[in-house]
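The following blocks contain the structures, represented as structure tokens.
Shared between the two complexes below is subunit A, which pairs with subunit B and subunit C, respectively.
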Partner chain A sequence: MPDTQALVNDFISKLKKRKIEGSQATAKQTAELLRSVISQTRVPYTNQAAALIQSVKAVGERLIAANPVELAVGNVVRRVLHIIREEDLSLTTAAMAGLNLSAVSDDEDDADRDNQPVLSAAAIAAASRSTLRPPSLQTLLEDVPDSAAIPHTSSSGGDSEGKSKSADKSSRSRKLKHDVIEAVNELIQDISTCHEQIAEQAVEHIHQNEVILTLGSSRTVLEFLCAAKEKKRSFRVFVSEGAPRYQGHLLAKELVTRGLQTTLITDSAVFAMISRVNMVIVGAHAVMANGGVIAPVGVNMVALAAQKHAVPFVVLAGSHKLCPLYPHHPEVLLNELRSPSELLDFGEFSDCLDFGSGIGAPLLHVVNPTFDYVQPKLVSLFITDTGGHNPSYIGEMYRLFVVSARGEGMNFKSEIMRTNCIAEGNFFGKLEDRKSRFL
Partner chain B sequence: MSFPILMKPLPLSLKDFNFIAEANKSNAPGGAASSKSVKQPPQKKDGPPVASSVAASERGVDRPVEKERKKDLPPPRMQFDDESRVGKAKRRSLLNQPEARNRVELFRHLPPHKNGSQLPYLESKFFELHEMHPSVYKVGLQYLTGDTSGGNARCIAMLQAFQEAIRDYSTPPEKTLNRDLTSKIGGFVSFLIECRPLSMSMGNAIRFLKSRIARLPLTLSESEAKAALCSDIDRFINEKIVLADKVILRHAATKIRDGDVLLTYGSSCVVEMILLYAHEIGKQFRVVVVDSRPMLEGQKLLRRLVAKGLSCTYTQLNAISYVMHEVTRVFLGASSIFSNGTVYSRVGTAPVAMVAHAFHVPVLVCCEAYKFHERVQLDSICFNELGDPDAVSKVPGRVDVNYLDNLTDKQKENLQLLNLKYDATPSDYISVIVTDYGMIPPTSVPVIVREYRKEYLLI
Partner chain C sequence: MGAQKKSATARVSEDQEELARNPLQAILLADSFATTFRPITLERPKVLLPLVNIPMIDYTLAWLESAGVEEVFVFCCAHSKQVIDYLESSRWSSQPNFSVTTIESHNSISAGDALRLIYERNVIHGDFVLISGDTVSNMSLTQVLQEHKERRKKDANAIMTMVVKKSKPSPITQQSRLGTDELFMAINPVTKQLLCYEDKAEHSKGFISLDKTLIADNPSIILHNDKQDCYIDVCSQEVLSLFTDNFDYQHLRRHFVKGLLVDDIMGYKIFTHEIHSSYAARIDNFRSYDTISKDIIQRWTYPFVPDILCGSSAIKVERQGTYRASDVTLSRSAHIGSFTFIGQGTKIGNDTKISHSVVGEGCTIGSNVTIEGSYIWNNVTIEDGCQLRHAIVCDGVIMKSGAVLQPGVILSFKVVVGQQFVVPAYSKVSLLQQPTQQDSDEELEYADNTSGTGELRYKLNGDIAADLSETAYELGTGGVGYIWSVFEGAQDEEWKHSVAPIPKDKLVKLMLDKDEDEEQLTQDGNVLSASGELKADSDDNGSEDDDNADSRDDYGFFEKEVEATFLRAVHENVKVDHAVLEVNALRLSYNMASVDCAGAIFYSMMKLAVESPHHSASELHRNAADIITKWVKLLKSFLHDIDEEIEVILKFEEMCLESAKEFAALFPQVLHLLYDKEILQEDAILRWADEKEGADESDKVFLKSSEKFVQWLKEAEEEDEDD
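Up next, the complex of A and B:
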């Protein structure tokens, strides 16, 4: 545990200092960290899923609090929690199936059964009822994971089963951890390969002699365009430079290196050029539950211009960017302000900063936000690693990842609500800090 | 084929048309010294009415209907993808036309940018230019280096240089003042076009001046004529620019309330005057200055506003959606307004107006009436001005973001840089245009052009 604590603290400090660039890298590192947390967690014999969930939640809350604007962290935490529950449920149903069989053949062979857990029929019936009945308000309020019901009822069966049961349970707990870690590895794999899967769809959307506009730099967009180029589609790209970070320059350099005809334009010329553009393709920082997009600053301007000229506006987003939260005032709450020195040179403008009004505050304020919010009605299409989707469907997309069984969704919703409240509590708690940073 | 408008009497008489036609014809062989003469009417960018009337008179003077209609149509501008005309212009031009590598295909019809590197070449040629007046030369250099920028400033500088040139002018023997002076002015204008393409305001001022010269009565002596012209120029500057600005200030200040947050883009002299005036008369408001690369004109405006005590917020164009939430009014300047209501202004004005419209914030464009033009334009590509492409790739003052230094040749061949100077804002984003004739909606611009355009020709 001290080992993971050090890892966790290290990661949290990196998040706080914004050292990690990009949501894909953040998501991957979060998943790897949670994997090591899970493997290091000591699970008790009973109710081990709850213990895993507890430890992951504890770490997850701290990670989300370190950088509330990086929504990929929260997304990954939620998916890992979902993985734990799902694996636990599948193990339980498998165990249930095994126990049912053993209960049926109970009368036939008593002698062989001494070393195996014997559950009375009543206990079995009670257990099955508790797992498979729809969750009632009682269970929601108590927040008792369904899997916990089984060991309790089984322990009422008798003490003679203790030893054999513990042997069985320890094997079960090892199996649970093992399964969970396997699933988390799959998740990490998915995150790493999201670019390839999105890029495979490039051929369907880009045809010959097209003109494509993009803003700033996104690795997903770069791979997307290069995949179309590989398939010998000839097209031209207008890259808007994306001041004040000038990521567009980077993207332009990459594109010309790979042989694409690129024109670099300033952000102010976007409206002038968009009448000659066939499609706008941008990457996203995060996609909210209503289909709204948190994107690098300036993308909202491009989206409005595209709407005016009826140009399709396509957003590329890996599945780790899908967030179940609804955006409330996203320009303020899900935004970060960067240093004003990127806009104004402090040395040149130091004389302006001397002028004061009555309360002594300087007359000059400089605003340099990082993100922009694009409304869902401006987006024509989302392309994720599972295919293309409408903005109205993208909120449903999240449910595909976190809801599998019928009853599961309800329990998890309480988890979502709790995590939302925690996350938003952090937002609101830090609002005062944010306000002082704005002006 | 009689249109109601044709019932009005022609402001210029037929006699004047014939004079001008002959003047142009006689200048053709005799224009050796100043090779940039006015006889290239279809190639001129400012399209004076003289050109169209020349064409009309050549068809015969007994067709007044045709003349009037020709006069209303602005002549086509020079298109730089026309090889033959470009070749002719190149041979006559003073500056070396830079062979721009990687010209953006879409803008091949526009002249490439001439940057300040032409300056030493031009300076060395000073003593070879016998026909060039030094003050005109100075103004041309100021345009080339970008020291003088902004529609009003450029127009005033040019007119004052012409005033100097007229004062120093003396008619050569056996030539009339009208024709010779017109051709001289034409030569000056060609030189200025080479330094930097004319703005619409300058084009209108030149039309005014040429029509004044053409209408001088022949009975005046040379000194009287010169004095009359100089006083006309003074009156034009005073009435059309200085007083017009004062009227615009009064109108626009009524639209500013206490507690307003006003947004402005780039640096417009009229908007700056409005803000300072409103601050002087005691209104409490806050200003948001939005700026964009590569010119970063907003920084100069910001400095002047803060020095006068206005509280300002500064941001770049990309953050416009972030700041627009708290903005109550948007004030924009214009280089020109076309007859279909399209506002032709610094590049980036269109996205500002668009985002303001999306957030339901009223947009006020402040523009003097002499900048209105009867042309129409639908988008920013048909007519524009190209700036220095290297200004896009280089970010001054920030070494960490110079990603585009040291490109290989293969990379350079695929990369094109585009630096536009102007863009066209559609009229539906504009709420009201504040001019010296009052506050008008964008649909009333052609009315102003039609009704008041003749005014300065009649003075």
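Up next, the complex of A and C:
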């Protein structure tokens, strides 16, 4: 335990100091950290799932607080919590099925029966079925009526389990932890391969002799473009440099070494060039529940230009970037103001920042936001590791593919959101609560 | 010397090997050894003062940690207990890969003492970062460390790399931004070696002199006045031993850096590293406190900004750079302007306007309050209708309704300002009384921090009643606190270092001064820019002139200093012992003999007597008698042998002839007085008389006038012999 604590502290301080760049790296490291937290957590005989959830939640809250702007952390924490619940549920289902087969042993607890009408067993069975099947809109609809019963299961599932035979218990607890770790490993695998999975779809979207425009640098975009190139598509790329960090320069360099015809333009030239462009492809920092996108600064301008000229605006995002939150205060809450020194040299401007003379207050304000918010209506298509989606579908998509939806998904979401809200501040938390009540 | 050098190089090569496995170390001086933050620093060490609601030392430590330093030695001196307690309870005590060790001392009075102590502890094993606990930075150390190491490999004498930053295309920026004096540095543009460091260039002179060997040795030199010293140094181990070898090194810059630059025997070299995009600055006085706070709020120090450093306590940046904690109670009609910080649990009433300010945690601010450019720390109560402009208000202060703080006011801890009371501009208010004796040397924060404070506290508790009645008088009805008086001579300097912006008229004056300076500089520049040879020549002349002038002027300066010290002693009732100490210090710093001291003191005493009002010769005599009686001990402590006594007589004679002719008539009386007070022994007077015997007629005027006295003395002596 102490060394996980050290790991957690280390990671938190890295997050705080903004030492980890990029949401993929953050997501992967978060998942790895949570895996070690889970493996180190001592599971009691009763209520293993609750114990695991508790420890993951505790760590998760701190991680989210460390860098509230990096939404990928919260996303991964939510995914891991979901995994624990799901594994717990499937184990319980299996156990219940076993009990049902042995004609309901008399050991069955009274309290448990009170909580759980016989009907719920069927519901659980249905739910477990849905996890095995690839989810479809139909299953979702099918399952909705049961939703009321499920939350009980998830909360008392551990209890019922704990009170059953001890021989079962130890093996099952070990199994739960094992299963969860397996599933988290899968998640890590998913996160690390999301680039390839997104890139696989490149040929479907990029056609011969097209002109693609992108802004700044995103590894997902780079892989996507290169994948198309490897499939012998010939096309041209316009790279907008992405001031003030100019990561577009790096992207252009990388693209050229991979043999792509590249044109570098300034950000302000985007509108002039957009009429010659067939498709805009950009990376995202996070995708919100309403389909809005948090992306590097400047992307909103590109999106508006694309809309004006009816150019498709495509956003690439790994599933770890899908976030169940709504952007209530996009420009304030979900942004980060970086140092003005990226814009101008302190030495040259120190006379403008002279507070000793005049009114004692600076006349020069330098604002250097990191992110833009792009409205969902400006986005034509999201490409994630599970395929392409329309922005209006993205909220559903989160539930279907990320937290493979059952009725429980709803309740689960609001709970996690509350977790998140503790870090995000009370005001926002209350808003979210109100929101989730309407959902 | 050669052997020493050899051993030094041998040690260096060992160091090179060691560097690979040694963790990067840093020495953090948690004491400024200065008094610029008084009266606040009487109660709390400077490094724990909140800077945008976070103690200064946190910024420094956070930067050191992120810059890859693994081991920090925090040297605490003044209020060491508070610093140690804070560090132990803070997160710094439990960081992985980052250890903070405190080194406590109770008798260090300068950075030099601190480094000597650290050397004795033998904890530094390689290159280290030397920084004081009031430095804010976000620079990366990788490059400067690498440069330093590479230089060390080539030249073992490159023992220090100093971080500088460009700041000030405008002529007055340095003064008005950080409140520091203009700094001149001569740097070799190719090797970046620092050749000259002048932080108090005499503006009146308008020129600085460079050693001609500098120009001979270096193909090119750039003289900068647009560099800001960041007070971040990367040092090699030798620096510590150098401090130990030269125990007169006190101040890091004034003594150490200048000492190394002048000393060409050892050949140690200092280099500079200029940072461009990153930020580094040191809080030296209230003005830089203001400026750096504003820089932090403007996020120049990113990622060391409040919303990230605070972490979990949820401070959010809103539009126009307003930082607000999550649970601030804000009236609907209150107006929070741009670049303002509001801490946790603070309540703000109706129609209150706050702009460009920092308000700490748990403050209660009433209605119709105006706060502009001020720094309000924690748990402060400001009642309705108060007005604050460019002030610093410490923890626990209460401002009763309608009180007004004019620009530049400092309210120390727990001061209460009475109703409707207007605190005048630039005043410093504290619960502690102003220490009566002011050390001329500014390096003595420590002295009054332990014993002084204890005593004063005791006094406060002892007679609270008397205290209250007195303070009520000073700070309006119901007010508690003493307004500190401004020291003589510092009066017109006060605006330079305060938090308030420089008043217009002063600014204009500064600009005018600068313009004059610049004119002079350009004139000098014309001479200098002719050719390399000419440069050397002109410089040579300059330095020679200087040498001559120095020796001539030195005594004059010394005499003036002694006179100033003496006058202060008289006006502030300084104890004789302390006055003796001060004069002795002056004697050492000007390299004078005690003969000179005696002369100078006597001169100042007589001058005082002449200058104090008198109508007749007898009154003058009485004045002189009073002063001599009072300060006889001071004078006597410099009169060890007969030569010195004779010097006093000669001095007096000289005075009577030149500066204070009024004494001419009183010569014998005063001589008698001096004899009576046992300042002069009869031998001295007789020998003086003997010496004068053979002199010119004109020189004998006073001998003649005191002939009677001398005669009497001679007779007395003979009588003694008879007995």
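The criterion applied here is as follows: the second predicted complex is superposed on the first by the 344 of 439 C-alpha atoms of A that agree within 3 Å, B and C clash if a C-alpha of one lies under 4 Å from a C-alpha of the other, contacts with A are read in each partner's own complex, and residues count from 1 in each chain.
Here is the rule we use: a contact is a pair of C-beta atoms (placed from the backbone, for glycine too) under 8 Å apart; a residue touches a chain by one contact, two chains touch by 3 or more.
What you are looking at is a predicted structure, and each value in this text was computed from that prediction instead of being measured.
**Q** Clash or fit: what happens to subunit B and subunit C when subunit A is overlaid?
**A** By the criteria stated at the top, subunit C and subunit B fit after superposition, with no clash.
**Q** Is A:65 contacted by the first partner subunit B, the second partner subunit C, both or neither?
**A** second
**Q** Given the touch rule stated above, what does A:9 touch, subunit B (first), subunit C (second), both, or neither?
**A** In the superposed model, A:9 contacts subunit C only, not subunit B.
**Q** Which one hits more subunit A residues, subunit B or subunit C?
**A** Ranking subunit B and subunit C by residues of subunit A touched puts B first.
**Q** Just to be sure I read the superposition right, which of the two partners does A:365 touch: subunit B = first, subunit C = second, or both, or neither?
**A** A:365 sits against subunit B and subunit C alike.
**Q** Could you look at A:17 and tell me whether it touches subunit B, subunit C, both or neither (first, second, both, neither)?
**A** So A:17 only meets subunit C here.
**Q** So in the superposed three-chain picture, is A:297 touching just subunit B, just subunit C, both, or none of them (first/second/both/neither)?
**A** In the superposed model, A:297 contacts subunit B only, not subunit C.
**Q** Applying the touch criterion given at the start, work out whether A:339 contacts subunit B, subunit C, both or neither, answering first, second, both or neither.
**A** The second partner, subunit C, only.
**Q** Per the contact definition in the header, classify A:265: touching subunit B only (first), subunit C only (second), both, or neither.
**A** The first partner, subunit B, only.
**Q** For A:350, decide between first (touching subunit B), second (touching subunit C), both and neither.
**A** second
**Q** Could you tell me how near the closest CA atoms of subunit B and subunit C get once both structures are overlaid on the shared chain, in Å?
**A** 8
**Q** Where on subunit A do subunit B and subunit C both make contact?
**A** Comparing the two interfaces on subunit A, one with subunit B and one with subunit C, the shared residues are 331, 342, 345, 355, 357, 365-368.
**Q** Help me check something: in the complex, which residues belonging to subunit B touch subunit A?
**A** Residues of subunit B touching subunit A: 104, 106, 291-294, 299, 302-303, 306-307, 309-323, 325, 347-348, 350-351, 354-355, 358, 379-381, 384, 392-393, 395, 397-398, 401, 403-404, 407, 410-412, 414-420, 423-424.
**Q** Once bound in the complex, which stretches of subunit A touch subunit C?
**A** 6, 9-10, 13, 16-19, 62, 65-66, 331-333, 337-342, 345-348, 350-351, 353-362, 365-368, 423, 425-427
**Q** In their shared complex, at which residues does subunit C touch subunit A?
**A** Listed in rising order, the residues of subunit C that touch subunit A are 62, 65-66, 95-97, 138, 165-170, 172-173, 175-177, 179, 226, 276-279, 287, 290-291, 294-295, 298-303, 308, 311-312, 314, 316-321, 326-327, 338-339, 355-356, 372-373, 390, 500-502, 507.
**Q** Tell me, which parts of subunit A touch subunit B in their complex?
**A** Those residues of subunit A that touch subunit B are 241-246, 249-250, 252-253, 255-257, 259-273, 275-276, 297-298, 300-301, 304-305, 308, 331, 335, 342-345, 349, 352, 355, 357, 363-369, 372-373.
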